[in-house]
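Letters A, B, C and D mark the chains as written, and numbering starts fresh at 1 in each.
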Amino acid sequence: MTTAIEIAPQPEVSGRALRAFLRNPAAMLASGFLVFVTAVAFAAPLIYPEDPLSMVARPFLWPGQNPQFPLGSDSLGRDVAAGLVWGSRISLIIGIAAMALGVSIGVVIGATAGYFGGRIDDGLVRLVEIFQTTPSFLMLIVLVAIAEPRVESITVGIALVTWPTIARLVRAEFRSLREKDFVTAARGLGYGHLRIIFIEILPNALPPIIVTSSVIVASAILMESALSFMGLGDPNRISWGSMIGANRETLRTTWYLTAVPGVAIVLTVLALNMIGDALNDALNPRLSAER
Amino acid sequence: MLHLKSVVAATAAFFLSLALGAPVAEAQQPKHGGTLRFVMKYEPPTLSALNNTSTPTTSAKIWDGLVTYDPDLKPLPMLATSWSVSPDGLQYTFNLREGVTFHDGKPFTSADVAFSIMRLKAGHPRGRGTFANVTEVKAPDAKTAVVVLSKPSPYMMVALGPSESPIVPKHVFENFDVATPPGPPQHIGTGPFVLKEWVRGSHAVLERNANYWDKPRPYLDRVIVRFMPDAAARAAAFEAGDLDLGGSAPVPLSDMERYKSHPRLAVDTRSFAYTGAQHQIFFNLDTPILKEKKVREAIAHALDLQAIVDTVFYGYAKVSPSPISVALTTWYDPAVQPRKFDVNIANKLLDEAGHPRAANGMRFPLRLLYNPFIDARLAEFVRQSLRRVGIDATTQNLEFGAYVKGVYTDRSFDLTIESLTNVFDPTVGVQRGYWSKNFRIGLPFSNSAHYENPEVDRLLEAAAVEIDAAKRKQLFSQFQRIVHADAPSVDLISPLEVIIANKKIRNYARGAEGLGDNFADVHFVD
Amino acid sequence: MLEGRRLLRVLRRTVIQAVPTILGIVILNFLLLKLAPGDAADVMAGEFGAATEETMAMLRQRFGLDVPVLQQLLAYLSNLAQFSLGQSPRYGMPVSELIGQRLPSTLMLMGMALAIAFGLGIALGTAMALTAGRWPDRLLSVVSLIFYSVPGFWIGLMLIVLFSVKLGWLPSGGQETIGAGLTGFDYILDRLKHMILPATSLALFYVAIYGRLTRAAVLEVASQDYVRTAAAKGLPPLAITLRHIVRNALLPVTTLAGIHLGGILGGAVVVETVYSWPGLGRLAFESVMRRDFNVLLGVLLLSSFLVIIANTLVDLLHAWLDPRVEVR
Amino acid sequence: MTAPLLDVSNLTIRFPTGTPVADLGFAVGEGETVAVVGESGSGKSLTALAIMRLLPRTARTTSGGIRFQGRDLLALPEPEMRRVRGRKIAMIFQEPMTSLNPVLTIGKQIAEVLRLHEGLSSEAARKRSIQLLDLVRVADPHLRVDDFPHRLSGGMRQRAMIAMAVACGPKLLIADEPTTALDVTIQAQVLDLLDRLRRELGMALVLITHDLGIVGQWADRVVVMYAGRGAEEADATRLLDDPLHPYTRGLLAASPRLDARLHYTAGPLREIPGSIASALGEPGCPFVPRCPMALPTCRTKPPPLEEIRPGRLIACPPTLALERADAAAVGR
């Protein structure tokens, strides 16, 4: 009997979209790069078993000056290459964890507002508005300053300032999807709200969420680096942002110290944004035809 | 009948001594005019040093002191032309300069001196200590002020410079709250420059005081004080020719080599007796593990002070192993030397103390805090040095408010890297950190270690009232040796006061106060 | 007359919307800030060099920090109801005065940044869309992606090194040549010169955003029937682009301007630091660091006002650009 | 016989993905109304765009000749072509809802073409716009001229489109499904208007439609297209009375007939089996998969449009054979 209700359209994240994505050379390049970065992040303890913050070399070795430290050393004699490898871990962890948390909050709140509508919607929209009217980076600074800068607090802080974007998006999707026949049908069958929200509607709202998620990972990495720049980084963990933050004073003389992690950030963020674009094209074929 | 030992020091002598320090060719009449663009890192809440210690440089331009100092802290006349001290050290008589007026045109009198000293005693963070023994300031006539003490205060005579104890107009401050930062309407002094404009967050403009008593000074038309919190921005501004002068290492130390060979800029690393800069680690002696002296000694052995000087400060610091900074040449006891940097000794001591390494190589964790005004790289260096001997130190990056609360109120730290500046005298600058009676929860820059040693207390209290300099030095030597042996702190280094200056300016730091000079003598040369 | 009534309706809606939002911001942030370790008295005592317990207690009493949080909040709200933002403990002056000093320079900076972001972004996006799929599009797409991916402070520092240190064309920071006593046109020119680099650093990220939005919007609009109609009339491509495509494409692009204003103010924290720009962003940052919460709340309040006003302006702009939009 | 106003010969439109129009040819005389009829997807709208040279960039018009007043439009440089568009050849589109720019007033959009081609001042153009609106029977033209499109009904908008199209007195007006989006009651009014304007302004009209029902009353001649190729061409009345091509016959049977009094003539509507999509990849006659009378030879190569008798052409060898046999029989 229940098969009758399988009228919910298949989520759009389908074979066609996947094929379109796989055919996009830029997306493949970007994905390849991200896979590489992720692999490096996982393999960090194998590549550099030492603590990346330990002072192992003569300070200010230029890249190539000493083959033992291919990317040189910083002002305290820390190995830049080791920092880069270990830094990828924290940067990716912060980016992905902040995105996951932000998206979760955003989905729950956006879905609740969009699905139920009415007073609940009004209240939640107001909440979103409060967060969106506050300059988000300022808010982030406040949050991190209060909780003291640590990887955990930075992650939570970034999530707390990014969820409203997702919430708005999800709310809009839910508002249009809840009127669809398959939702009415599901209601008619007496399904609970939770099931309708998460099993019937959410899969159909996924495409824009996925696209936005990759962009949020990118902007989380940027925000972490900006926080480090403002002196609000975690001093016990090395991240690309903290490498820039720690070495920005020597920017003029030993520019490679900021350039190396800077390039890593730019490339990773670029790759994430390219993937976002490609996903957007793949999931919205109408526009991609123009490309 | 008071026996007054009179000191006659002529203004001319002072400037003669300055001229001797400068090349003869420039000893001729300096030219007038020009705008000096001076940079400060942080914008202070007020430009006045009346009730805070963060603004000595700006304050000295607007307000004069009773005296000023040559590089060796020898007092020179300023608003006081001569002075004498009674043999028991309980009475200081100052003869005041004639014909001095405040910026608002009102005459300067002994009433202003009396008011200022009592106000400093009431509201100045250090003045409360410096002038603690002042019972009254008498003004027998308009040009004589007599400071009366209940106990001798040998350090008082070095605390009367313009950057430390500004003389303010009574008629302006009489009805002004003691603790409120004075605002622009209260910026009225007798100094060589007048506050013209203060754009918060950006800059302050000081104009030449045409009625300054020390004619023909000041030479400059204007001093612009810019507040620039970002080191890279300051460096760019210096190089772009937008700044002329800045102190406290205004550009990143790593860039200093470039400035040394800069065609337009000069690097000045003279040290000034008034600053007494000192960086030290305080142990929280309430932390059980740190109650063991062996652990504290091990930590001292784990730190390579010369490496700190060389890498963290790029050589712009001196190893300063004693609780009294090497910058206070008068009081520092050279017998106090750093504990030998030796990881093996440190490891051995820690093993002996019963803290073997665990499987991950670590012995025990410690929370490491640092004053955010200190270069974070010092904290980084200390953290890594500790990890090398198996102490799992976790650095906490706190901004100033959280730091002050964390160390002095919550005491949620095990080690803190402080910069408890010694200023010009150990009683004023050092005593606060080691005197058991100054262990006060919630009070910033107090005895954060919770160090208690009755002998140390006795020495400090005796030195505070000892007017015989030799005896006083003896007391402080004993103090230094005991504290060093007890190791409630590890004293690290004394950073140099690095000044970047336009090569065309002269006489920006004539005396012991460094850039706390009043700039009256600053001028441009071609 | 109709226009007037429309305007009035917009204003009323704005106020109705703004009050709860702003109240929410105040309460949320007030409580948040009270969670912060340390207070203004700690910071001031620390900054002043030393203190005694008595002065600390006195400071707390004076700043109203010695009463329960809820009472503090009520005091703040009742102040606010009388249109007072309170006093800054640190600066010893009214918050409104402090903000008032910084507001013009921040508004100018943000205005110029937004203008650059819009102008350049729309031009870039249109150029990309018109060459969609060909090499100029690909090149500009990569350029805009790079703008989008490079940290703002990095761009800022690099611009300073290039344009003020190496080339010496533009000042390295600040908002005017201090003490130059310039007047009239020279003064305006001087201010503009100081504004170019920070505004550009602030704008580039948004140039990328608007460029990408415009590209999508132009492509969308270009496929509309009325564009074909315009071509069938024999209009030259430029006229079609300007008159028929870009104007319609602006509609979706401007929608986000209000929200971006908040973002720009946040970004201003970083840029103002890099350029020593005496603006609200820096003031806000310092007030967090110094626990000068009245100032911070004031800035947050003001910025939400700005965002709400910007949103209203965007609505009005929409109504003007798009006759189909009835002002809700 | 003088040269026709528009002569389309061997027109082929290729896209990277396929060839939606192939080997199409037809002619339009001065003042004549030619209806181009076919299902959606038959290539009739692309043909219209090809005449205007407004095909998407990816399209390639090959091996075709489009001669207008003796000049080959395909060979004109673009600036020249712009002087043809809107002035000599005008076009109106199916969707009056979306074919007008929503942010410009009706008057401005009409005036735009006048100012462009006739160099009128904005004031003169506005005056003329009002006249034109009057000409297309828009009530209160002096008010409507300042209205935005969304304030007008569909019929009014299409009238405005027409006013815009005829503003410069074109020799040829291409109307691409001008009434499809409109209410049935409005359709006849709009078609009547077009017909009247054709007569008054002395222009030729190419009426593109999928609806054979409107052909009889408003068209002189009909070109039936199937899958990008001409299937049949004839005088309107002849075609309706005696459709020859199996596709035309199917089409006619499937369409509701709209007579002069706007009543549907009752009759069974029949679907043509299959769909036009099935023509893709067919080497021979595209209609073969749906054709009731297909012969094996039909599958080998696409049939050319051949003249059966003067003014009557058909691209169906079996029908042609039958007809010729009939003609021979009659003639004998």
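The criterion applied here is as follows: contacts are C-beta pairs under 8 Å (C-beta built on N, C-alpha and C of every residue); 3 or more make two chains touch, one makes a residue touch a chain.
Note that the structure is a prediction, hence the values are computed from the model and not measured.
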Any chain in contact with chain A as well as chain D: C
Required steps from chain B to chain C (each step between touching chains, minimum): 1
Centroid comparison with chain D (C-alpha atoms), farthest chain: B
Cα-centroid distance, chain C relative to chain D, in whole angstrom: 54
Chain A and chain C, separation of their C-alpha mean positions in angstrom: 24
Computed distance of Cα centres, chain D from chain B, in Å: 92
Distance between the centres, which are taken as Cα means, of chain B and chain A, whole angstrom: 46
Residues of chain B whose C-beta touches two or more other chains: 232, 398-399, 402
Multi-partner residues of chain C (each touching 2 or more other chains): 36-37, 157, 161, 273, 288-289
Overlap residues in chain A, where contacts from two or more other chains coincide: 145, 148, 248, 251-252
Touching pairs among all chains present in the structure: A-B, A-C, B-C, C-D
Complex contacts: residues of chain A adjacent to chain C: 126-127, 129-130, 132-143, 145-146, 148, 218, 222, 225-226, 229-230, 244, 248, 251-252, 258, 262, 265-266, 269-270, 273-274, 277, 287, 290-291
Sites on chain B touched by chain A in the complex: 231-232, 235, 252, 254-255, 257-258, 311-312, 372, 376-377, 379-381, 383-384, 387-388, 394-399, 402
Residues of chain C defined as touching chain B within the complex: 36-40, 42-53, 55-56, 58-59, 62, 90-93, 98, 101-102, 157, 160-161, 164-165, 168, 171-175, 178-179, 273-276, 278-279, 282-283, 286, 288-291
Contacting residues of chain C [partner chain A, same complex]: 17, 20-21, 24-25, 28-29, 32-33, 35-37, 132-133, 145-146, 148-154, 157, 161, 216, 219-220, 223, 259, 262-263, 265-267, 269-270, 273, 281, 284-285, 288-289, 296, 299-300, 303-304, 307-308
Complex contact set, residues of chain B against chain C: 35, 37, 43-46, 51-54, 125-126, 128, 179-181, 183, 199-203, 205, 222, 224, 226-230, 232-233, 236-237, 239-242, 398-406, 408-410, 432, 440, 442-446
